[in-house]
Amino acid sequence: MGTVLPVRHQAPLPANMICTDAPSDEAIELDVLIVGGGPAGLSCAIQLARSAPELTIGVLEKAGSLGEHSLSGAVINPSALRALFPDLHDQDFPLRQPVSGEAVYYLTPTGSLRIPTPPTMKNHGNYTASLCELVRWLGEQAEALGVNVFPGFPAESLLVNGQRVIGVRTTAGGLDRERQPTDVYQVPTDLTAKVVVLAEGTRGPLGQAWREWQQVGSDNPQLFALGVKEVWDVARPLDRVIHTMGWPLPFDAFGGSWCYPLGPQQVSIGLVAGLDYKDASFDVHESLQRMKLHPLFRGLLEGGTLLEWGAKTIPEGGYYALPHRLSGDGLMMIGDTAGFVDVPSLKGIHYAMESGMLAAATIAAALQRGGGDAASLASYDQAVRGSRIVRDMHKTRNMRLAFHGGFVSGVVQAGLMTLTGGAFPGGRIAMPADVDAPRRVEPPETFVPDNVLTFSKVDAVFKSGNATRDTIPSHLVVGPDITGDVADFYAHLCPAGVYEREGDGLRVNPPNCIDCKATDVVGPRWTPREGGSGPKYRLM
Amino acid sequence: MPNILAVLEVRGGALRKGANELVAAARRLADVNGETVDALVCGPASVAADGLGAAGADRVLQGTHADFAHYAPDGIAAVVAAIGAPYRAVMVAATATGKDLAPRLAARLNAPCAMDVTAVDLQGDAIRVVRPVYAGKALQTVDLRGLAVIAVRPGAYATVAPGRPGVAESVAVPSFTQRLAVEPVRGSDKGSLDVAEARVVIAGGRGLGDPKHFALLEDLAAAFGGEAAVGASRAVVDAGWAEHGAQVGQTGKTVAPELYIAIGISGAIQHLAGMRTAKVIVAVNRDKDAPIFKVADYGIVGDLFDVVPALTAAVKTAKAH
Amino acid sequence: MKIAVCLRRVPDTTAKIVIGPSGTVIDETGVKFVPNPYDEYALEAAIALKERAGSGETVVVALGPDNVQETLRTALAMGMDRAVHLQGAASADGLENARVLADHLRGGSYDLLLFGKLAVDDYGQQTGAMVAELLELPCATAVTHLAIEGGRAKVEREVEGGVEAASCALPAVFTCDKGLNNPRLPSLKGIMAAKKKPLDITPVTVAAGRVTVVSLALPPERAAGRIVGEGAAAVPALMQILTNDAKVL
């Protein structure tokens, strides 16, 4: 059996993402442009609109409407919501229910062993929620404050002048497969701003391009995990938050599952695996399908209905993967784009929101003094480093990294780290990037969905609401030397059936793509495409 | 006594097919309370309408006017406005023409209007109808009080026996202004039938194995004699085996033919979303566990290269009779 | 050229339909609402006709509760000049809604009144033609072709087995079908401009009318299908069923 080394088959980031063209004469002029209408971007917009109402603020969102590309478990720490809306109460927020109980299990193929809840995973005082619903609500708040929210407009490139970011260019719409304009062609639009805030979410292409261009490194490469999630309508309510470790993940993969109650009739269930897994035939979607048949979950789901399906990557590198700079000339990075996720507590939403609010404070002050230059935005870096975002991430800085060597040693080390407040083992565990991790080629286990509890990828994509125009040009850039083994690796990696092995080659079905970005991490590159493409999540 | 007026469609001086069906629907409603059915026929001269009695019409009212050589909505509306008020209901077939006419009649008669009705009954003094809404994803039941205009979806009613006298009478055509000048219908210039319009859809999927095997489907469609169109699943359209216009499914066309024959289609939800409201679904697939069999009314498990030619021959024979 | 388009706000066509607790309307929780797709053909036609004429005014009108204002803004973002919100609850009786619209449009000196051929929620398919009758204007429904020349309109509509052409003097009412055009998407500039375009609110009262919704229900599940047989040998049995039981041949 052979090996697949993903990096050998990955194309570089497209060069056009840093664009030195002068902005079009028709460019829309804004004071502040936020790229990405998720929790980070909208929190930034809301805070900024309140503190500096004279500013013209725009939020570009690639989804057809707000929230349709947002996905999380989610158990939310409400502290950032409280800080952003001090006049509101918890019951005013679009959250589903308070966490009333929790349990952690170690799973085997047929059994489950309840284990003590690790201190980092305690969720008392937190709420289960649908991130889509939260984002839609945040969007309403932002619009009420006069923010220009533009759903359906992905940003394709950063407009730069010298070292300074001066705006973005949106993607064209209405191109055919050969990239020729059709009669609904939409010309790209330029937007200029004194400050561009990148809130693209996980594995944002402009964030990657800017860091490459500005040579902003990090101690460790960013690591990613892929989460596949389903929302089910169930007959009986679930009374607690469940997390599991172990099966159906291979021993040498990092990750786990969740199952959360979303009110009396719905549950969220999902599986996350680090993209440094070693078995090329490992498949997160299929593993989740198998997992739903486990006695721990089967009874809950039987008689229920799959309402929605989705997938997304999570930046898991933690403290040591944070970019050395979070801002530059005319640009800032917030939320998942910057990697503000604390893996041991499985939290990122409140950090995303908080980073947006910190960015807003810096922008308001900087623009009052008239500049969006690097020096005036650098106080955002200091603010973040002094905030609990980085404090919390520092405490758990090596925990995810410890699992690179396998599950058992990871558990032992993570326990010691918790006991020592992060001091053990001292220093930094160095990590290879996911794309550098070699994969063993193994024969896959075949899985046949029953279409009742388990579903194929094609059917799952339908349940994401994805109705992307079939005739869009491909937005996926496949790298060199794709063999049958590599094609198989991609086919298992992608949860949405975008990739299929065809003979010894690769077949790509771009309209299936639901923007999870998994292959951007270890396979074909994802680039922004026509606005409104991709999933249409309502419940994720 | 309140009665039912069925306004029939005339094209080129002749009744359109479906006239008997509409009269039958009117008959069923009239029979609930022992009422009578009047059929209104508007043509350039007296229209041959001998069969309407057998279909259930008590009277056949003929309105003749030179402008009725082709569709004259303003003229027909004037006739119905003149004679319609005493009726309990005015019924039309929910065809393109009927749907154009019904709201005009309703406005002239100051009556509520229900479109695309699949079931009609009396509920006390009200007329109770059922009609598909939300693209067939839900069924709405509504009561209409007083005189109502009901557009009945074609295919919803079978003709009934026993017949009625069908006494021919002429009806005065009041003078009217032709606000809209309509030209005679000209045959569709489309080369082939669109999947969204065909009465029968023959759809192929990856099971065909090769684009050249679409010929098998075209043969079967041809056997239906001009009322069948060939459709395709997204997988084969993506593979370039069929045109995008033929694609049935969530991102293609939504079809609701009377007969849908899925050949070599596994039945991904995205495909099912586009055809599950077909009246009858037949599936031919080699894999007995294919999801398509869960939605198909009738299935044949087997090699499509055996089954389809046999089916084509059988349809040809049936159509020859 | 002064053109009015009447617009409806409807659930996205891909929305899952859940019946609300009243049993007569859908549960709108989490449902995305969009401009009625057929009305978008009318909007596109209005905007394109004005562009071609080089002058005139395009007005978009919607009857309903306050949430239709969001839909009106989308129409303004596409390029309509101004919006009118007829603020009030619509009736289940389409004729009553048509009366309110006709009352508003009467005296507006419009050359053209455009509607979608149907709204994808209630599939009423009547408002446009009723408004035409109430205003005594010429009307054609479900048009797939529309040309204006010398004060006259020429239209085409698809009917069973062919195409029907018609013509009339302006002012006139048309309802628009798929195939008329490809509606444009709002541009960023359009969205920005829409915020500053006038949106007038006129409270209206719609009479209850004579239609009552008794119930709204999901269609019955398809009865479980059956395997007729295996291979070509099963064809005669299938033909028997299709001819005699299903009666589709």
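When the chains are written out, they are named A, B and C in that same order, and each has its own residue count from 1.
Following the convention adopted for this analysis, contacts are C-beta pairs under 8 Å (C-beta built on N, C-alpha and C of every residue); 3 or more make two chains touch, one makes a residue touch a chain.
Note that this is a predicted model, so its numbers are computed, not measured.
Colleague: Of the chains shown, whose Cα mean is nearest the mean of all protein Cα atoms?
Modeller: Smallest centre-to-centre distance to the global C-alpha mean: chain C.
Colleague: Just the chain pair, please, that has the highest number of C-beta contacts.
Modeller: Per-pair contact counts point to B-C as the maximum.
Colleague: In whole angstrom, what separates the CA-based centres of subunit B and subunit C?
Modeller: 21
Colleague: As a quick test, compute the distance in whole Å between the mean CA positions of subunit A and subunit B.
Modeller: Roughly 49 Å, centre to centre.
Colleague: Could you please state the distance in Å, as a whole number, between where the Cα atoms of subunit A are centred and where those of subunit C are centred?
Modeller: 38
Colleague: Find every residue in subunit A that makes contact with two or more other chains and list them.
Modeller: Counting only residues that touch two or more other chains, subunit A contributes 467.
Colleague: Can you tell me which residues of subunit B touch two or more of the remaining chains?
Modeller: 250, 294
Colleague: Send over the residues of subunit C in touch with two or more other chains.
Modeller: 14
Colleague: Which residues of subunit B touch subunit A in their complex?
Modeller: 234, 237-238, 244, 247, 250-252, 268-270, 273, 289, 291, 294
Colleague: Could you please specify the touching residues of subunit A with respect to subunit B in the complex?
Modeller: Residue positions touching the partner: 448, 451, 456, 458-459, 461-463, 467-471, 509, 511.
Colleague: Quick one: which bits of subunit C touch subunit B in the complex? Just the residue numbers, please.
Modeller: 11, 13-14, 17, 19, 26, 92-95, 98, 120-130, 132-134, 136-142, 157-169, 172, 209-219, 222-223, 225-232, 234-236, 238-239, 241-243, 246, 248-249
Colleague: Could you please specify the touching residues of subunit A with respect to subunit C in the complex?
Modeller: Touching subunit C from subunit A are residues 26, 28, 65, 133, 148, 150, 152-153, 170, 173, 183-184, 186, 189, 191, 307, 465, 467, 531, 536, 538-539.
Colleague: Mind listing the subunit C positions that touch subunit A in their complex?
Modeller: The touching residues are 12, 14, 16, 30-32, 182-185, 187-189, 191-192, 195.
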